[in-house]
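Naming follows writing order (A, B, C and D), and every chain is counted from residue 1.
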Amino acid sequence: MSTDPGIWLAAILTLCIFSFLYKDNPFYKFVEHLSVGVSAGYWLVIIIRQSLKQTFLDPLIQGQWQLVPGKLGIFLLIFPAFMGILLFTRFSNKWAYIARYPIAMLWGIGVGASIPLSLQNYIIRQLQATMVPITFNSWEDVGSLFIAIGVITGLVYFYFSKEHKGAFGGAAKVGIWILMIGFGSTFGFTVMARVSLLIGRVIFLMKDWLGIIS
Amino acid sequence: MLDGIKNLPIVFLLSIIIIFPIQAIAGEGQTKSKLPNLTIEKVMDTPNDHGRSITIIWKKPSFDSSFAIPTGYKILRADSLRSNFDSVEFVPIGKSKSFDIQNIEDGKTYYYRIGYANTEIISNIAGPVQAKGNWFHTGKTTTFVVTILFCALTLGILIFARRGGELYIRPISGINAIDDAIGRATEMGKPILFVPGLGAASDVATIAAFTILEHIAKITAEYKTRIIVPCYAPETMIVAQEVVRASYLDAGRPDLYNDKEIFFITQEQFPYTAAVNGIMLRDRPAANFFLGKFYAESLMLAETGFEAGAIQIAGTDEAIQIPFFVAACDYTLMGEELYAASAYLSKDPMKLATLKAEDWGKAGVIIFLIIGVVVASVFGSDFFIRLLDVNVM
Amino acid sequence: MKRELPIAITFICAFILTLQYFIPHRSFEIMYEISNIWIQIIGVFAMILGIISLIMLHWEKIKHKKENWGFSIVTLASLVGMSLVGLIASENSPVFEWLYNFILAPISATMFALLAFFIASAAYRAFRARTVVATILLLAAVIVMLGRVPIGSLISFGIFPKMAEILVNYPNVAAKRAIFMGVGLGAAATALKVMLGIERSYMGSD
Amino acid sequence: MGIFEKIIKLDRRIIFLVIFLSVIFPLIFKVNIPINITPEVRNVYNLIENLPEGSVIVVPCEYAPDTMAELEPMLYAVLRHCWEKNLRVVACGFYVTGVTLIEQEIKYMAKQMNKKYGKDYIFLGYRPYPAAVINSMGEDFRQSFPTDYYGTPLDSLPMMRGVKNFNDTKLVLTINATSGVDYWVLFGHERYGFPLAIGVTAVMAADYYHYLNSGQIVGIIGGLKGAAEYESLVHHKGLATMGMSIQSFVHLVIVLFIIIGNIAYFVIRKRKGINR
């Protein structure tokens, strides 16, 4: 059995969470609230220490921003902080709309390059991967044909401008079948990874904590 | 002596005559003479970069395997033909036959040679060359064209819709379930839980979730049903509060809006999940909405919600998580359906128009795919396949 | 100013970043880096709002002695404790790391491990051959599950692993690609809506 | 409520309990489910099995903690086999983040098997630029590794006497989670012609079968399953076999639950049909 207080703490917390499987109980509630507090505190520290101090305060105190030198740099550094402060106008009824400016900026930057990026990664690349010559020289070609048909019928299923009727409906139906085979396989495939995590925890309890297996 | 192609054979002969005996004498352990010559094929400004880099390409030597192979190449540089060539980089021997030399001053002229490390064998002189930043990434041309096409298509349909053009969109399954679920919660006098996922506020899945939240909040304002929105990211909380507040205002019930029901929990996946599980088991919402970006916690939330007896409607564009929602929830908006549902619910002709553009896009993809496969299979041409080449490096 | 300015801000930011994707030049690269830092800095203030929200929520519970208010003390105390350790010492201090390694890490790992149980209960409940679609889902899942482990190979003379391989490599790939393509178009369209100010749910209608 | 109705509305905690037991049971009672041995793993085993006592084999290990769950049991099984056959092992690594981990693992296994450093095995440690290092090792190990990981000159280690380069070794078996595999094939096997076997993660295995088909490698040990196969070949069931047994149990239990649920569902549906 372990003599490390850290291992004991971790083991007790682990058991508290497993108790949730039986039903909601004070032990789980305790761990739930503890984890929320600790993780929120963790992120607060990381954000203040790194985002605020390293990327904002340090260059400001030095009066020099490496990315953009000179006064312009300092302005470009203070500007987002000013926008951030505007978020607090939300607490006033009269000025609440000002908080939209920073949000608009977050949306704009966040959405940023998503148009070309999603078209490139989700359309162009996938299309190219599907577009292979099919000459029936090998069994793999049958698979490639199947993938091409699956992609087409799947897209038909996601087509919203036409009701799923007739031949079109038939294609959509094949599409949903293929989607379901895909979902089933993903589900089945994931079981192993999840069980591995459980084995990891059980081994932690039995080996690191209790020492009953070697 | 070196200023004419005519003299080259003489130089060559001379070098053989002079170098060979020297090599033979130097002999012992040194295998220089057995190393193939090095030739720089091309030296140029590194394409598609931000500048300050030069690319050097050489002919890959084939080594005689019975002799020691050098550990690497050295790259030599000079400011002018008259100055000395100094070694600036070491490239280990490997598969590569090109190298990007970084941290070069833009616009300054250089000449290059390469040689085997620890030997005297060096290549021809290549240059002059200057580094500079590029204004268009040629590897992304396809992406650029597709982006322009898609934007033009969407704008065209938007203009059509604005002029009052009719746009038909089929009913999307699971959409009616949203209103039914809210109705049921109201009847039971229980709250509604809306989880906007783990994405940032500007993730498209989260944005779609906000639009659906807008729809839901308008109904809950009308029915005076309590709505709980626990948030993973602080920005998501801020936007969700704005969305709900605006919806309550729209519905004429700003008095019912409660900021504290839309709250931040923590920005760590599993503590967040633990807390949302707690809400489901203690506040007992009658309807759970999981809309947005979800990862491994999807199944944990959906299973706990099921145990708590709630009607559950999920939607995510995260392909790996869809199966778990399908298994554990009553309705699942799969992938694009999430975006479509948000457009459909808003009944805004502008939003429906973009949905229409997506459909055109799909039709285009299908047609292009069929053409590409047929051309490649029947005519053996990979023209359409190459057309889709994207090189982001 | 109430509506037009936010829309203009969104458009300009998104447009520049879209252009940036195609322009490798250093000036645009710097703009991209600046935008990343801006997001971070605004994020600090958003985080402060978030923490205020968290504290208020639990403070109210404690003040009004709502159900389970005692646990709210746990949250607030651990939040304050963790923050103080991290801010007074540093994020690299041994105490801060110890708290992370022996509280947060095991809790997260165990929560994650609960999925092994939930995946079983969800499979039991959902995989019933009620309809054709449900049957397909069920069969695919069962075959892949059996194909992944030695015992599946043992009871089927190696047939399940082969079938599982085919399912994972073909229909699964087709399904993912169809979803990706739909998502790609949807995401691009949504981004365009945001840029053009069509999607602005956060602004309400005033 | 009949038995089938009860089954349909089964308390999920029963499922949880059964899952939990099927994890614990193989762990405590060391139940092992037989594993079918694939030819690509058996090839590796046979090659080592048939080496004369005292042969030197090179085991480059390139992985870090993130992939150790799969590759550590593999390394243990391989080392056990080598040392049971009294082979001498030259270990090294070209992946800097994993070096300390690998050093500990080898030391641990040597202790288990009662093997002496310098006599039965040595650890060369880390050098950058795999291609260049493999090249120089083809000439003389001492070119890149004049000393071992601990700073001892190679010549003062008894087992390295008379071992100059790959010509004096019988096999290279790399346990690898990186693209370093390619280097061993292209710069090692291709140039110096030694037999090469690889042990990789399950995800990577699929990408390397073409080397097997082209005869550039003699075998592949892939992922935890491959490690479990090797464990059963050396008749020492370890973590990999255990893990695969647990996985087998849990997967089987879930499938059985699904089957039972469906039987109950169909019985009830049929009954309802008759009543109507």
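Just so we're on the same page, a contact is a pair of C-beta atoms (placed from the backbone, for glycine too) under 8 Å apart; a residue touches a chain by one contact, two chains touch by 3 or more.
Since the structure is predicted, the reported quantities are computational estimates derived from the model, not experimental observations.
Taking the mean Cα position of each chain as its centre, D sits at the greatest distance from chain A.
Chain centres here are Cα averages; for chain B and chain D they lie 33 Å apart. If each chain is reduced to the centroid of its CA atoms, chain A and chain C end up 3 Å from each other.
Residue positions of chain A touching 2 or more other chains, listed in rising order: 17, 20-21, 29, 31-33, 35-36, 38-40, 42-43, 87, 90, 100, 103, 106-107, 109-111, 114-116, 118-119, 123, 127, 130, 148, 151, 155, 158, 179, 183-184, 186-187, 190-192, 195, 198, 200. Of all residues in chain C, those touching 2 or more other chains are 18, 21-22, 43, 46-47, 49-51, 54, 68, 104, 107-108, 111-112, 114-117, 119, 121, 123, 125, 127, 137-138, 141-142, 145, 148-149, 175-176, 179-183, 185, 187-188, 191-192, 194, 202-203, 206, listed in ascending order. Touching of two or more other chains is recorded for residues 12, 16, 19, 23, 247, 250-251, 254 of chain D. The touch graph of the protein chains shown is complete.
By the touch criterion given at the top, residues 12, 129, 131-132, 135-136, 139, 183, 186-187, 191 of chain D touch chain B in their complex.
The part of chain B that touches chain A in the complex is made up of residues 140, 142-144, 146-147, 150-151, 167-170, 172, 200-204, 207, 235, 238-239, 241-242, 265-268, 270-272, 274-275, 277-278, 281-282, 319-320, 322-324, 326-327, 334-337, 340, 355-356, 358-359, 361-363, 365-366, 368-370, 372-373, 376-377, 380, 382, 384-385, 388-390, 392. Taken in their complex, chain C has these residues touching chain B: 18, 21-29, 43, 46-47, 49-51, 53-54, 56-57, 60, 67-68, 104, 107-108, 111-112, 114-115, 118-119, 121-123, 125-127, 137, 175-176, 179-183, 185-194, 196, 198-199, 201-206. Those residues of chain D whose C-beta lies close enough to touch chain C in the complex are 10, 12, 15-16, 19-20, 23, 33-36, 225, 228, 244, 247-255, 257-258, 261-262, 265-266. The part of chain A that touches chain B in the complex is made up of residues 17, 20, 24, 28-29, 31-33, 35-36, 38-40, 42-43, 87, 90, 99-100, 103, 106-107, 109-111, 114-116, 118-120, 123-125, 127-128, 130-135, 148, 151-152, 155-156, 158-164, 179, 183-184, 186-187, 190.
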